[in-house]
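Structure first, commentary second.
We just call them A, B, C and D in the order they show up, numbering each chain from 1.
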Amino acid sequence: MASIGFIGLGRMGHAMSRNLVEAGHEVWVYDINPEAVARIAGLGGHAASSAADAASNRQFVVTMLPNGPDVEDILFGSPGVANAMAKATLFIDMSTIAPEATDRIATRLSRIGIAMLDAPVGGTSEVAERGQLLILAGGASRDVEAAAVIFDAVGRQTIHCGDNGTGTRTKIVNNFMSTALNTLTAETLAFAEAAGLDVARTVEVLAGTTAGKGFVTGAYQRKVLGGDISAEFGLGLASKDLNLALSYAAGLNVPLSVGAAAAQIYSMSKAEGFGGNDWSAVLETLRRKSALEPVHYPD
Amino acid sequence: MASIGFIGLGRMGHAMSRNLVEAGHEVWVYDINPEAVARIAGLGGHAASSAADAASNRQFVVTMLPNGPDVEDILFGSPGVANAMAKATLFIDMSTIAPEATDRIATRLSRIGIAMLDAPVGGTSEVAERGQLLILAGGASRDVEAAAVIFDAVGRQTIHCGDNGTGTRTKIVNNFMSTALNTLTAETLAFAEAAGLDVARTVEVLAGTTAGKGFVTGAYQRKVLGGDISAEFGLGLASKDLNLALSYAAGLNVPLSVGAAAAQIYSMSKAEGFGGNDWSAVLETLRRKSALEPVHYPD
Amino acid sequence: MASIGFIGLGRMGHAMSRNLVEAGHEVWVYDINPEAVARIAGLGGHAASSAADAASNRQFVVTMLPNGPDVEDILFGSPGVANAMAKATLFIDMSTIAPEATDRIATRLSRIGIAMLDAPVGGTSEVAERGQLLILAGGASRDVEAAAVIFDAVGRQTIHCGDNGTGTRTKIVNNFMSTALNTLTAETLAFAEAAGLDVARTVEVLAGTTAGKGFVTGAYQRKVLGGDISAEFGLGLASKDLNLALSYAAGLNVPLSVGAAAAQIYSMSKAEGFGGNDWSAVLETLRRKSALEPVHYPD
Amino acid sequence: MASIGFIGLGRMGHAMSRNLVEAGHEVWVYDINPEAVARIAGLGGHAASSAADAASNRQFVVTMLPNGPDVEDILFGSPGVANAMAKATLFIDMSTIAPEATDRIATRLSRIGIAMLDAPVGGTSEVAERGQLLILAGGASRDVEAAAVIFDAVGRQTIHCGDNGTGTRTKIVNNFMSTALNTLTAETLAFAEAAGLDVARTVEVLAGTTAGKGFVTGAYQRKVLGGDISAEFGLGLASKDLNLALSYAAGLNVPLSVGAAAAQIYSMSKAEGFGGNDWSAVLETLRRKSALEPVHYPD
C-alpha cells in the first residue's frame, strides 16, 4: 500500500483520489474547497490541513489542479509543497499545463533533489470515474515504473512518452488536434445543414470516409511518414475540392474559418511544387515552415 | 447489357470505363486525349469520334471530367451532348464540381426533358481500379435504381442523398472535411516534431484518442446532435487546452493556422455562454453564425 | 461629342451614365430594369431596346454590371454585344469582375478584332455621383488615351496599370486589402471595447500610429521594398506583441480571426530566420510561400 | 531635477535613460548587462549595483524590460524593487507586457501603498533616440501629471488612457492592429507581384484608397461608430470583392491567410442580415461575437 498526498479534488481529482482510496492506498487529500476534502475523507481518505501537510512524508504526491500557475504556487509558494516533500517522494503532476511550466517545475525540483513525472491524462471525468484514463507520462523509466501503483488505479493505459516534459507535450499536441477537430466537425455539419442536406445521412457518409475516420494511421503511415509522397489522392485535387467548398459556402454565408485557413496551406504547398504529389505532402510544407529539416523524397 | 456513353478517361474515368467494359456493357468512350480513347478501345470499348458521338442513342451517358466548366462545355457547347442525347437517356455526371454548376445543368436538362443524376464518387484512382468507389447520388429514386447497373460495376456502395444537387453537395461537404482534416493532421505532426516528440509514438497516442479517431459519430450523436449539450468534456477546458497549445507553438515558431482559426470559434462560443457546456456545443455557435435556426436546449 | 452605349444602370451605372449625358455625350443606355432606363432617358439619354441595340454603331460601349458572368452573357449570349459592335468600337468593362473573366473576354474580343479596356473603378456610388471615381485601366495606351473623354466625365484620376487584365487585377488586389482591413479594424475596435477601453480615445491613439495610418508607403518603401530589412521595429518584437494580444483576447472571449491568422505568418517568418530583421520582412516570407523569386538581402 | 531609478537599458531603455540624463535629471541605472550600465554612467548617469539599489530613495522608478515576467521578477523577487522603494516613490513600468501582469503588479503595489503608472510607449528605438515617443499612460491623473517631467524628456505626446491597466491595454490593442496590418500589407504586395502587377505602381494605387489610408477615422466615425450603418459601400459588395480575390489567389497558389479569415467574418455578417448595410457593420457582428451589448440601429 502506498502513502499518497493528493492535491486538487475537482471533477478529475475527486474521481482519481476516490479510485486510489478504493484501491486500498493511504491518501491524504487537500483542496482549497473544504467540501471537496470532506467528500473524500468520508470515503476513507485522510483530510490534510494544507497542501504542505498533504505532501509531508509521502511516497507520492499527486497534483490535479486547473493550470500551470496553480501547480507552481502550490509547490513554490509558502508554505510550499516542494519544501514539505521528503527526498524520496516522487512528485507527479497530472494537470494539463503549459510545457514551459512543466520545464520550470522539473528544473526547480531537480535542483533540490526531488524526482518528478509530468503525467497528464486523456479521458473525461466520466472516464476518470471508471478508472479508465489514458496516462501520458514524461520522466525517468524507473519513476514511471514506480508510479504504476498509482496509474493502474486511475487508468487503463500508461504511455511513457520520454523524458520530463514529454508527457505534457504529448498531451498538448493531442488536445491541439482533438479540440481543433471538434471545430472542424462543427463547421462541416453546419455547412451540411446550410447546404440543405439531411444531417443524419451526411454523418453516415462522413463516418465511412477519411473525413470521419481520420488518417493519422493508414494513409499517413503508408505515405508521407513512410517517405513516399507519390499521389494516392493528389494534393492539387484536394486543393480544388476545398476551394470549391469555400466558394460554395461563401455564397451560402456559411463561415468556414478552419477550412479557409487550411486552404492557404494547400496554396503554399502547391507553390512549393507539391501539387502533383500525395495530399499528405502538406506535412512536408508545414515541416519546412516550422524550420524542421526537410526530408528528401525520391523524385 | 446497357449501352453507355462515357466521356472523360483520366485517372478515374479510365478505371471506371474499364470496369464497365469488363462487366459486359457496350461502352462508347471519348476523351480529348486520343490515347486515352485507344486504351479503352483496346480493352473492348468502342472509340467515339466526339463527345456527341459517344452520347447519341445511349441508355446512359456518364461524364468524369475535371471540373464544372468542362461538364457544361461538353453538354451545351457545340455540338453538345445535351442535344445529342435521346429523350430516354439518363445523364450521370460523376465528376466533382461546384453545386451551382450541378444546379444549372439539372435545370437546363430538365427543360429539354432529360433526366440526370449527380453522382460524384469517394475513393482514389486505386479504389476506382478495384471497382470499390463510394457513390453519392442525387436525383429521382427511379433514376438511382436504373443506374444501379452502372454504379454496381464501379462501386461498392451507393448512397442516395436526395434530389438533384444533393450528391454533389454531400461530396463537397465530405471533401471539405477530409481535405481540411488532412491539413490539421499535418499541423499536428509538425507541431509534435518541433516539440521534440517522437513522431511515431505520438501517432500511436493520437490513434487511440478522439484526436485520431474523430467523433462525428459517437460523441456528436450522443451529445449535440441528440439535443444534449451538458458537459462531457467542457468547452471551456477544450478552449484552455487549445490556447495552451497555441502559446507554446508560438514560442517554437510553429505556425498552426488551422488551430488558430479554431480557437477563435471557441472564443465566440464562450462569449455566447457555452463555456460550461459540452465542447460539441461549438456546433450550435456555428449554426447561429450561419443563420440556421437555433436549437433550444433544455437548461 | 462621343457616341456611347452604356449597359448596366444600377447604383454606379446610373450615376456614371448621368455624368456622361451631362458632359454632352450621346448615350444609349440599357438595363434589364426598364425603370432604370427610363430615368436616364428622362435626363437626356437614349433608351435602347436591348444591350445589342445600345452597342450598335457606337464609338464606345461601357458595361457596369454586377459580376463576370453578367458581362460574358451580355457579350457572347444571343443576341450578343460582341457581334453588335462595329470593328472601330472600343469596349470598356468598368465592372469589378474576376481576372479570369477579364482574360477570357479580352481573348475572345481580340479574336474578332475588337479592342477593349478593363477599367474598374474605386469609390462608392456617392463618389460616382460626383464624377470623382478612381479609374484603374488595363489595355493599350492609345485606347486608354481615347477613353479619356469618358473617364474624365466620370472620374477624377485614371491610372494606367498595364496591359489588358491589369486594371481588374489592380482593383482586386486593392479591394482585397481594403475589405480585409475593414475586418481588422472592426476586430481591433471590438477588442478595445471588450478590454474596457474608451473606444473614442482608442481611435484617437490608433489614428496617430501605423495601426491607423498604415505603412504601404513610408515604412515599406524605406525598408523591405528598398531592399533593406535591418530592424527598425523588430519582427520578433512585433510577433511578441501580437501573441500578447491574442492571449489576452482569448481570456476575454474576443475572437480575433484576422489577427490569429497573421500571428502564424510571423511564426513562419521567425522559423525562416527573420526574427531579428525588420517586421516588414514578413513580405519576404510571403513572397517565398507564393513561389516568388527570393530577394537576396545583404547580411 | 528629479531623482530617478531606471532599470532595463536595452535598445529602448538606453535611449530613454540617456535623454533623462541629458535633461539634467539624476538617474541611477541598472541592467543585468554591465556594459549597458557603463555606457549610461559614461554619459553622466549613476551606475547602480542592483535593481534594488537603483530603486532606493528615488522619486521615480522606471522599468523598460522585455516582458511581464521580467518586471514581476524585478519587483517581487529578492531583493525586490517593491520593498526597496520609498512610500513616496512613483513606479512607472514602460515595458510592453500582458494586461494580466500589469493588473497583478498594480494590485500588489497598491497593497504596500506604492502608486504606479503603466506607461508603455509607441515608436521605434530610433524614435526613442530622438525623444519623440508616444506615451500611453494608465493610472491616477495626479500621477500622470507628476510623471510629466519624465515623459516630456522621452516623448513628444502623452495620452492618459484611464486607470491603471488602460495604458497597457491601449498599447496591446494598438499593436494588435499594427502588427496584423503589417501582415495584411505583406499579403497584398505578394499577391500583387504574383498577379503580375508592377508592385511600385500598385503601392501608388493603394496609397490613394482606403486600402492604404485606413479608415479608423473618417469612414468609421461617419458610419458605424456614429450609429449609422446605411450603405456607403455595401457589405455584400465588399464580401463579393474579397471572395473574388481569394478565388483568384487560390488559382495563383498565393496564400492569403489574413484575407481568408476576414472573408469568414463577412459571411457571418451577411448571415446576420447586414449584407445590405455599410461594410463597417462588420464591427457590429464582431461586437456580438464578443458578447458586447448590441447597438440598436434605426431600420
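Rule of thumb we're sticking to: contacts are C-beta pairs under 8 Å (C-beta built on N, C-alpha and C of every residue); 3 or more make two chains touch, one makes a residue touch a chain.
These numbers were taken from a predicted model, which means no experiment stands behind them.
J.: For the interfaces A-C and C-D, which has the higher count of C-beta pairs in contact?
T.: Comparing A-C with C-D, the pair joined by more C-beta contacts is C-D.
J.: So if I superpose subunit A on subunit B by CA, what angle comes out, to the nearest 5°?
T.: Here the rotation carrying subunit A onto subunit B measures out at 180 degrees.
J.: If you average the Cα atoms of subunit C and of subunit D to get two centres, how far apart are those centres in Å?
T.: 31
J.: Roughly how far is subunit A from subunit C, going centre to centre by Cα mean, in whole Å?
T.: The mean C-alpha positions of subunit A and subunit C differ by 45 Å.
J.: Could you pull out the residues of subunit A that touch at least 2 other chains?
T.: Residues 239, 246-247, 249, 253-257, 260-261, 264-265, 267-268, 271, 289-291 of subunit A each touch two or more of the other chains.
J.: Chain contact graph: line, ring, star, complete or other?
T.: Shape = complete; every chain linked to every other.
J.: Report the residues of subunit D in contact with subunit A in the complex, numbered from low to high.
T.: 239, 243, 246-247, 249-250, 253-257, 260-261, 263-265, 267-268, 270-271, 275
J.: Which residues of subunit D touch subunit B in the complex?
T.: By the definition above, subunit D touches subunit B via 257, 261, 267-268, 271-273, 289-291.
J.: Residues of subunit C touching subunit D in their complex?
T.: 67, 96-100, 122, 124, 126, 134, 136, 157, 159, 161-162, 166, 169-170, 172-217, 220-221, 225, 232-233, 238-242, 244-249, 251-262, 264-266, 279-280, 282-283, 285-287, 289-292
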